């Protein structure tokens, strides 16, 4: 087995304050995990704001460099990527999905500009017809077609559709890994599951691994193969999704698990009444 | 786990505290000759009883925020009330939000308060917290400065805040504290009616339950009514007595919380409930197809028909009225057939 | 382009007034190319003639037709103003966008220099430059000096817009879509920076013209080249007001005030039109 | 270390940087110019008749020493700093042998007085009217005064001053148009002198107010129209807080923060307006001194005034920066 992505003892410190009162914020502490190349999976990082989950995602994408430790993608140190050529080669294999689909596309630019730019740059296509064919093929994977997207602006489509287009764009270069940072937190619940289901299909049909960053335990349970729970930079619990989320053992994971209200009025109102009694 | 729901008793005789009738509020815009009309609130009628928590559920741009802003009288152009009325009943005195503006202004905070979305920015950044309490509440309490201060301090203590926060500036407090503080501010005059806009959306998961319990607790103690909106169905499940489901500017279903969750009558509601993920369950959820309607150019007939699995020809042309059914109300031509299916 | 103009003229009264004023003044200035006499010629006409059918705006004490002098003067003054504006815009956009997009150390260094320059009083420095240059001072040199002093405040505004754009998700998305830095800056960010550029350009033009008037009035420029300030300078030299030659002063002042008003109205109305928020509203967002 | 101290250190650093770069710039301009100030001064003097070649040479040497133009450019730079720190710019050529510094010192109070008064008036009035116009958008009177103020805004200082001078000095001569006070009055705390001071200051101050008020009005109005949609203002309105209080404590107070920063940033430009206004009204401040220096070819006077105005503006900016934390608790308390 070869490692697709290997994080070993990754730390990230931020220095905050001016030159007179520097203090250090340990955003990510001793994070290690490995994703296998042969076994595509949905690997979920769960945490609240300030847990270090987004910083971890940014390091995997090469947007931040670790203070210590190493992140290797297919054996190559991500932090050592310098030249634009290497960077493009890396981006062809690792692609992001962002949190807010309305923010991920410039409202003054047509959506196809992003798709065509990706096809041109990463597939080296020059011919207009070839670019459009590659784009359309990718859009078909997410249940859309170029005809529906061409010339459109982001405000003309729903959050769910935009997020699908973002996925389609990420698929164009044929990536091995997709890093999705809170991809459904801004999507309506009626459309949310279509994105989450899509991740499953990508894993099963296209063999793409997905790092799913979220604060939402319910969708994490629904699609994840493995889960790590982060708290103030530390990984407090890691393992199979059903174990970690279904039956957490660490104190913090349990608190997080208990903070999730079920979509059931009987149980949810009982939880609130219980809280009330404690006041 | 408890399986029996103890409903807060709702007196049937008492007059409703809020009556919204045939309310239409549209965004009317004109940019360099391009005219647009967005029907954010389109013919909504609802009543809210005393001592009741009413939740409005809906997705983004369904018009739910416009609805609650219109009820609060907090709208600014280009959003305008086109038709209908919003009437409160405070201690037997009727107050029309749009026809009696000065009386309404005087009633604010004494009878009617508001919890805004995004508690981060609702307090003036350059003034201390105590000034907010003074500005909002002092004139309604009829107390001396000293008594007022004591009253505010004890109120804060009751909701779990150190009275010393009064001497701080908003930027010195955490997000959770600020949200508590705004709830404290909204309840210090013990108003009969509280309007809350996404009261937990911006909060961290771990403090959400506390804030919900706080809202519920304060409401129970004062016997106030609350109307709140959120897209988060679990929040509705946790504290609402009744729920109204908004789709494309219209109220499509209304009922007791338990009924709506367990026996939804509108296909949209049914889908909304069915698509909610829960821990311990990996059965495949099916997402709703199609795209949310554009309120500037809504579909004809029933606005849900392009996405509805049960749609028939009549749905495409005729708008279903919101009618009483099974202890609730629903706007669907095929509501009766839903249960059979 | 034509549609934009039509929309603005029809739906925005400020634009319509500004457009007519500016266009009128511009056409009037353009007319100097067809002037009957060279604009530097003096004492060719009877001096001190009040406005009449022959000399609409009268003649100066130096035997020049005020009408044609003004026409040339407005042209020269506008030329100066536009040169300053274009050069200083290039500087402001370059510094502002680079500082905002690169951020970090670059941003700190550039903005420290920028803030320092903002705090320096422009006019004394310009006067010092004039003083040491004296006769080698020509209008292009003056324009360059003014441009070098007139970009910093606007660079700060542009930087703050770019800085906020940099942290937006669509910028990161563009990077992962393989777009290059120039592509991102031009295609993605410029539409947002445009209103700032445009608005500051108008303000800068007004400032530059004001500067030209100020320096020329004092005689600190090429006084033989007709400019608005230069006309007032010569009128002062001949004590035109005391001598009752009011038309020598009044017409240039009226012309320059009209021009300023026109430019200012254009600035505020066009700015409203190209603002992304209003653009999106027109697109139906 | 708390936020306030950090803020102070940063401002202090900026203050010194402005002075360092400004003074260096003044030095550079004078040294890199193609014109030799010594030759220029010599030419100026010899044109009055003193043509003995030997005395010209002596004068040349004396001037070089006076201007600190001996040695390498680095030596000159160091000696220039020395003179700036001692406040010694040598004697004025046009008012020989009065030192430049004492000319500046006697002119400075006039400029500071005029500018402070005009600036306080402009800033207060502009912001007040702008805030009112932004808050009460439908008020006709405010709309009209706004239109008038905005129409004046782009007109250069000289033109406004000239029109005022013609209108109130010639056509309807109610105000003195020249000088800082009546010539024959003894300066002092007498009624006549103060009255004369006020009368003479009115036109220059009015010019500066009319020139500056538009900018503050426009920016304040747009700031306020943004702030009224801020959550905390909307919330206060929903809370039934009375509108006078909302205006003063919620809207105006928050809008003033950027306007105070703006005041500091605008000082350099305001000073430019003062130069031309002083010249127009023959007001005995440093602006007039500077222009006279240029007309008379007085090298040390021009360099002295420029350097001193750079330093004075930097000091004024620094003082305003120090005031900022007083109105913004986020800076004061970190």
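For reference, chains read A, B, C and D in written order, and residue numbers begin at 1 within each chain.
Assume a residue touches a chain if its C-beta (ideal position, glycine included) is under 8 Å from a C-beta of that chain, and two chains touch if they have at least 3 such contacts.
Owing to the predicted nature of the structure, the values given are computational and were not obtained by experimental measurement.
*Asks:* Using CA atoms only, can you tell me which chain is the most central one in this structure?
*Replies:* Of all chains shown, the one whose C-alpha centre lies nearest the global C-alpha mean is C.
*Asks:* Weigh B-D against B-C on C-beta contact pairs and write down the one with more.
*Replies:* B-D
*Asks:* Using CA atom averages as chain centres, what separation in Å is found between chain A and chain D?
*Replies:* About 55 Å, centre to centre.
*Asks:* Need the CA-centroid distance for the pair chain B / chain C, whole Å please.
*Replies:* 52
*Asks:* Distance from the CA centroid of chain A to that of chain C, rounded to the nearest Å?
*Replies:* About 49 Å, centre to centre.
*Asks:* Scan chain B for residues touching two or more other chains and write them down.
*Replies:* Within chain B, no residue contacts more than one other chain.
*Asks:* Where in chain D do residues touch two or more of the other chains?
*Replies:* Where chain D is concerned, no single residue meets two or more other chains.
*Asks:* Among all residues of chain C, which ones touch two or more of the remaining chains?
*Replies:* Chain C, residues with two or more chain partners: 284.
*Asks:* Please give the residue numbers of chain B that touch chain A in the complex, ascending.
*Replies:* Going through chain B, the ones touching chain A are 1-3, 5-6, 59-60, 160, 204-206, 208-210, 212-214, 216-217, 220, 231, 233-240, 257-258, 261-262, 268, 271-273, 275-282, 284-288, 291-292.
*Asks:* Spell out the residues on chain D that touch chain C in their complex, using ranges where they run on.
*Replies:* Going by the criterion above, the answer is residues 14, 17-18, 21-22, 25-26, 29-30, 33-35, 37, 40, 150-151, 153-159, 162-163, 166, 170, 264-265, 267-269, 271-272, 275-276, 279, 290-291, 293-294, 299, 302-303, 305-306, 309-310, 313-314, 317.
*Asks:* Touching chain C in the complex: which residues of chain A?
*Replies:* Chain A reaches chain C through residues 61, 63, 88, 91, 95-96, 98-100, 103-109, 113-115, 117-118, 120-122, 153, 155-156, 166, 169-170.
*Asks:* Quick one: which bits of chain D touch chain B in the complex? Just the residue numbers, please.
*Replies:* 229-232, 234-241, 245, 249-250, 253-254, 257, 327-330, 333
*Asks:* Note which residues of chain C are touching chain A in the complex, please.
*Replies:* That would be residues 168-170, 172-174, 176-179, 183, 187-188, 191-192, 276, 279-280, 283-285 of chain C.
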